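Same chain, two partners: chain A is paired with chain B first, then with chain C.
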Partner chain A sequence: MTRMTRFRWGMLAPVLAITGVAVGFPLGYAFYLSLTDYRLTSRGAPDVVGLENYFFVLTDPRMWNAFSNTATYVIIAVALQTLLGLAIALALQKQQWARDLTRAMLLAPMFITPIAVGLTFRFLLNDQLGALPAMLRSLGIDYDFFGPGNALFTLALMDVWQWTPFMVLLLLAGLESVPRQPLEAAKVDGASAWYAFRRVVLPLLTPVLTVAVLLRSLDALKVFEYVYATTRGGPGTETETIQYFTYQTGIQFFRLGEASAVAFVLLAIVLTLIVLLFRRLQRSAAR
Partner chain B sequence: MAEVRFNKVRKQYGSTVIVDDVDIDFPDGSLTVLVGPSGCGKSTSLRMLAGLEEISGGEITIDGRVVNGLEPKDRDVAMVFQNYALYPHLSVLENIAFPLRATRSPRSDALARAQEVADSLGLGALTSRKPKDLSGGQQQRVAIGRAIIRQPSVFLFDEPLSNLDAKLRVETRFELMQIQRRLGITAVYVTHDQEEAMTMSDRMVVMRDGRVAQSGRPDEIYARPNSVFVATFVGSPKMNVITGTISDGDFRSSGGSRIRAAGVTTRDSVILGVRPDDLVLSPTDSASARVALIELLGPRAIVHVDSGDDRLTSVVDAAGLSQLSVGTPVDLAVRATAAHLFDPITEARLSDQ
Partner chain C sequence: MTRRVSPWGIARTLLLWAAAVTVAFPIIWVALASFKSPAQLNDPGLFLFSPNLDNWARVFEAGILDAAGRSAFVAAVTVSISVVAGSMGAYAISAYKAGGSATRFGILAAQVLPPAVLVFPFLTMAYALRIDNTYVPIIFAHLSFVLPVITWFLIGFFDAVPRSLEEQARVDGFSRFAAFRLVVIPQVLPGIGAAAIFGFTLSWNDMFYGLILAPTRETILPVAIAAFNTFRGVELGAMSAAIIIAVVPVVIASFFIQRRLVQGISGGAVKF
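For the complex of A and B:
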């Protein structure tokens, strides 16, 4: 090893050590657990059972149900946030006065811990006690927010409520960095506002939009608190998301081996999605 | 094709007046250049005509139709921007086709037309490239292509050549003029470069501080500038301007210069303007003015002369240069009928000679 290489490794050593301890070890240990029949309730040393846990969870309809619930949740929540966020960002961009105040106020929902948001909505939307259902009933509408067929959508709406401001901020920053001149050129070239938005602003906003959607999707994938605070996976297993399913398997039913296997399946799927997405991003940037 | 008219057009932000009750006519089919130093309101005037800035007062008409309240898209104008303003995500062909697509022409027709335009501008081989893969000159052609494809009533050019290098600027200038003549479309062209204005324009409008300082044919303005500002702004090298008195065809400046100006009426106090081409230097041992610096420009040279407290410039042919070198004492004279006289207070042009 030359002195230069040794110096480089020396400079890298601290961060490698921290990553190793804080990420590598838990990850490695979890992977080891996923290969064992470790249960918190059995006393003896766990046996290594190889891929048995993976076969088990991959053929477990409850896990696939949890996956599809999570996917539905993420798609509804992120799609609504993006559309709403874009609309609000476009409106705020035109705002003339009190810009900073509005933007600061918009951030408020993001500062609330998700478990508190979950609890608040649980009471606000409760079929018997909630203010919103009571108001709807006085209008003659009977809607059970946490009832069958509705609960997952309600959870997604909670995410929309809390995280649309984040979308707004990102997209507003993106909109403000879109160069003005092509837009002026489009106006003079005879484009209507809608055409200019669709053909000029939106394409120029795409990189920011992609990153925003990616960030929000990854974050929404982790949904746990809303489920824990409101439905606990019900009615039935309608709102059992992948994180909640993992939590139940591991922490409530003490089957840590299987829970670790579910976590790794999720990790594999998410990593694949991210890699594919970044490839596409790079290709469109290179074009 | 259309005639454009500014009628007492005004632009102000709060109490700051950018364009101050300007009247300009742009005859049908002409190329009119708005020229002036930065901040004179020329670009703002153009942007008001394009519909990119609101008009604070007065009227702009295109072919007799008041366009004040119209959206840019309803004015039937096309504009070439200083930074080209191409659509970075679209190919050359799509960029050129954009105005047709935006006005709902079928895609295949628009692209076919764009291909013709691209070919005519020598961009035929580049149509699938993105703007960032083009040179500045090529980008400029794409911007021009995008402007001409729709055959608008009026062309607007906002300093379109200022980002090009000197050689390309002269070439593109010539090409632009040819395109404009061929299509016969009324064009309004903004620049801060008086040389560009002089060479390109049918009509030239010199602006200063939001007002029209002078307008007319470029040769007229060059020959009879109506103020000291226009006189020194138009022409290169700059006109010599000195304050002094004239008696018996002899001009004496307050700085101590003496210039023969035969045939010029006696006046107590006056500003004398002499174009460098009209300032004649004759080497004379007894003269007090001295050659300070000689800048060679090939066949001609710019000669800087120190005379009293004044620094004057003269353009001399290579032939006349043999007798001059730094330090040579020279007598100064204005070529006959070439003196410009201005009022020392208003700086307005005085009646000739």
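For the complex of A and C:
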């Protein structure tokens, strides 16, 4: 038994060691930074200032603006992705003709570097040079994709373009592991396709759907490249997301202490939401 | 074979065609733009024109292939470490329930960490250890998100391997580790390949860490592409060519791994 325990931990050791160096240590150090007045420009040891950074960022309207922008972005993007992803996954599951080619093509965007996606859409949607505004103009529609009131929505649509494939991938995998029997039983009983989907497939798909929405939301929270490539936070601060705000505070204004504090406020909020979500899931699973 | 065409079938086909056009159009349009002259770039509706290779020449002169090479190097090192450590760890978690269900949740929870939390410690540590002009910080930064994802996928693949296989090997006199390396690993090799390619694209695609941690004079590919956006205004033609260089390899890779990824995920990677 001890040899098995030793083997088990031996096998786990490399992952634990690397995670310790690459995640655990930076996380602890970032927390320390958030308690200091560390600036990239100043020499000498930073002073510990306690929770001062936290008080500062928590009362900073720009941070709350960045939080609400990010929340809006995540909700729009993930909601659209889930609906589209589910529809496309259902369609792809039945698709027989050129199966691998269709799947590979529809999954392709998620493999493209986000900065390339950002720059592509910046160009494609540009008021003067872009193909899409030109097409819309020929239809008599004048729409400024990066104008006030529209820019955040445009960024969310870019997220939809790139990451709906991720939803499709997970849901397709989920659909493929849905057992055939209950579905056939429903058909024998004369259930309509819609009824069978809603009452048989969807409940079986819920675990995958939950994980997919969770993973996508966590990833969408980190949106940086699209903002960096297109709006740089503008017009005004309409598209300033958390990740971009942190980058600006830390790297452009050299205020690492404050930037780390923002990051930990974000972490606290996200972890709280996740714990609440899991509580609810466990409760509904127990029912 | 004649089949009655149902309205659902038509809707399905239409949806897939619409999705395909939506995916392909931006990429094709940028590919076309990479062959346009500056004057032609001002005409967004131009689809037929005599192509020229000036943009491509500019991009190659700017050393985009070197940047791609550096990105590939960083990704290859990150993935090699992740696959070795990840497959061992994933097997311990799958077959020996190491760490219990907390481990699976912990791996998922690692996705919560915003890169903005981790990047500053990497930066200050890199300065302190005087390795700020090397690839070491960026490789560690990439390990922080590639290793958990690869491990997570591999747990799903190992779950699908019957336990009797290892037990048989143990009866035949293999040590536990030899059974793992010589009997179990070959069973999941296709899955490891898919996870490795997926991890490679994750590292290849990251810009945030690259922007802050990579050596300034020797940037990685995403940062090099972004540079066409800021340096002396926007060089649209050259930028388009650079985008296509970043897109083509991963789209080809995605063709080969998509089926394995679907299998791996449905094999259990989405369970807790």
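What we mean here is this: the second predicted complex is superposed on the first by the 256 of 287 C-alpha atoms of A that agree within 3 Å, B and C clash if a C-alpha of one lies under 4 Å from a C-alpha of the other, contacts with A are read in each partner's own complex, and residues count from 1 in each chain.
Definition applied: a residue touches a chain if its C-beta (ideal position, glycine included) is under 8 Å from a C-beta of that chain, and two chains touch if they have at least 3 such contacts.
Note that the coordinates shown come from a computational prediction; the quantities given were computed from them, not determined experimentally.
Overlaying the two complexes via chain A leaves chain B and chain C side by side, clear of any clash.
Shared-chain residue A:V200: touches chain B; no touch with chain C.
By the touch criterion stated above, A:D189 is placed in contact with chain B alone, chain C being left untouched. Which of chain B and chain C touches more residues of chain A is settled by the count: it is C.
Once the two complexes are overlaid on the shared chain, A:A229 sits against chain C while remaining clear of chain B.
Of the two partner chains placed by the overlay, neither chain B nor chain C lies in contact with A:R279.
Judged by the touch definition given at the top, the superposed model places A:Q181 against chain B, while chain C stays out of reach. One geometric descriptor of the composite model is the angle centred on chain A: between the Cα centres of chain B and chain C it reads 80 degrees, in steps of 10.
Residue contacts after overlaying the shared chain place A:L256 against chain C, while chain B stays out of touching range.
Superposition on the common chain places the nearest Cα atoms of chain B and chain C 9 Å from each other. Those residues of chain C lying in contact with chain A across their complex are 8, 12, 15-16, 19-20, 22-24, 26-27, 29-30, 33, 41-42, 44-45, 81, 84-86, 88-89, 91-93, 96, 98-99, 108-125, 140-141, 143-144, 147-148, 151, 176-177, 180, 201, 204-208, 212, 221-222, 225-226, 228-229, 236, 239-240, 243, 246-247, 250-251, 253-255, 258-259, 261-266, 269-271. Contact residues of chain B toward chain A in the complex are 50-52, 71-73, 77-79, 81, 83, 85-90, 98-99, 101-103, 130, 146, 150, 156. For chain A in complex with chain B, the residues that touch the partner chain are 179, 181-182, 184-192, 195-196, 199-200, 203-204, 206, 287. Across the complex, chain C is touched by residues 4, 7-9, 11-12, 14-19, 21-23, 25-27, 29-30, 33, 38, 40, 87-88, 90-92, 94-95, 100-116, 119-124, 128-131, 133-135, 138, 161, 169-170, 172-174, 176-177, 193, 207-208, 211-212, 214-215, 218-219, 221-222, 224-225, 228-229, 242-243, 246-247, 250-251, 256, 259-260, 262-264, 266-267, 270-271, 274 of chain A.
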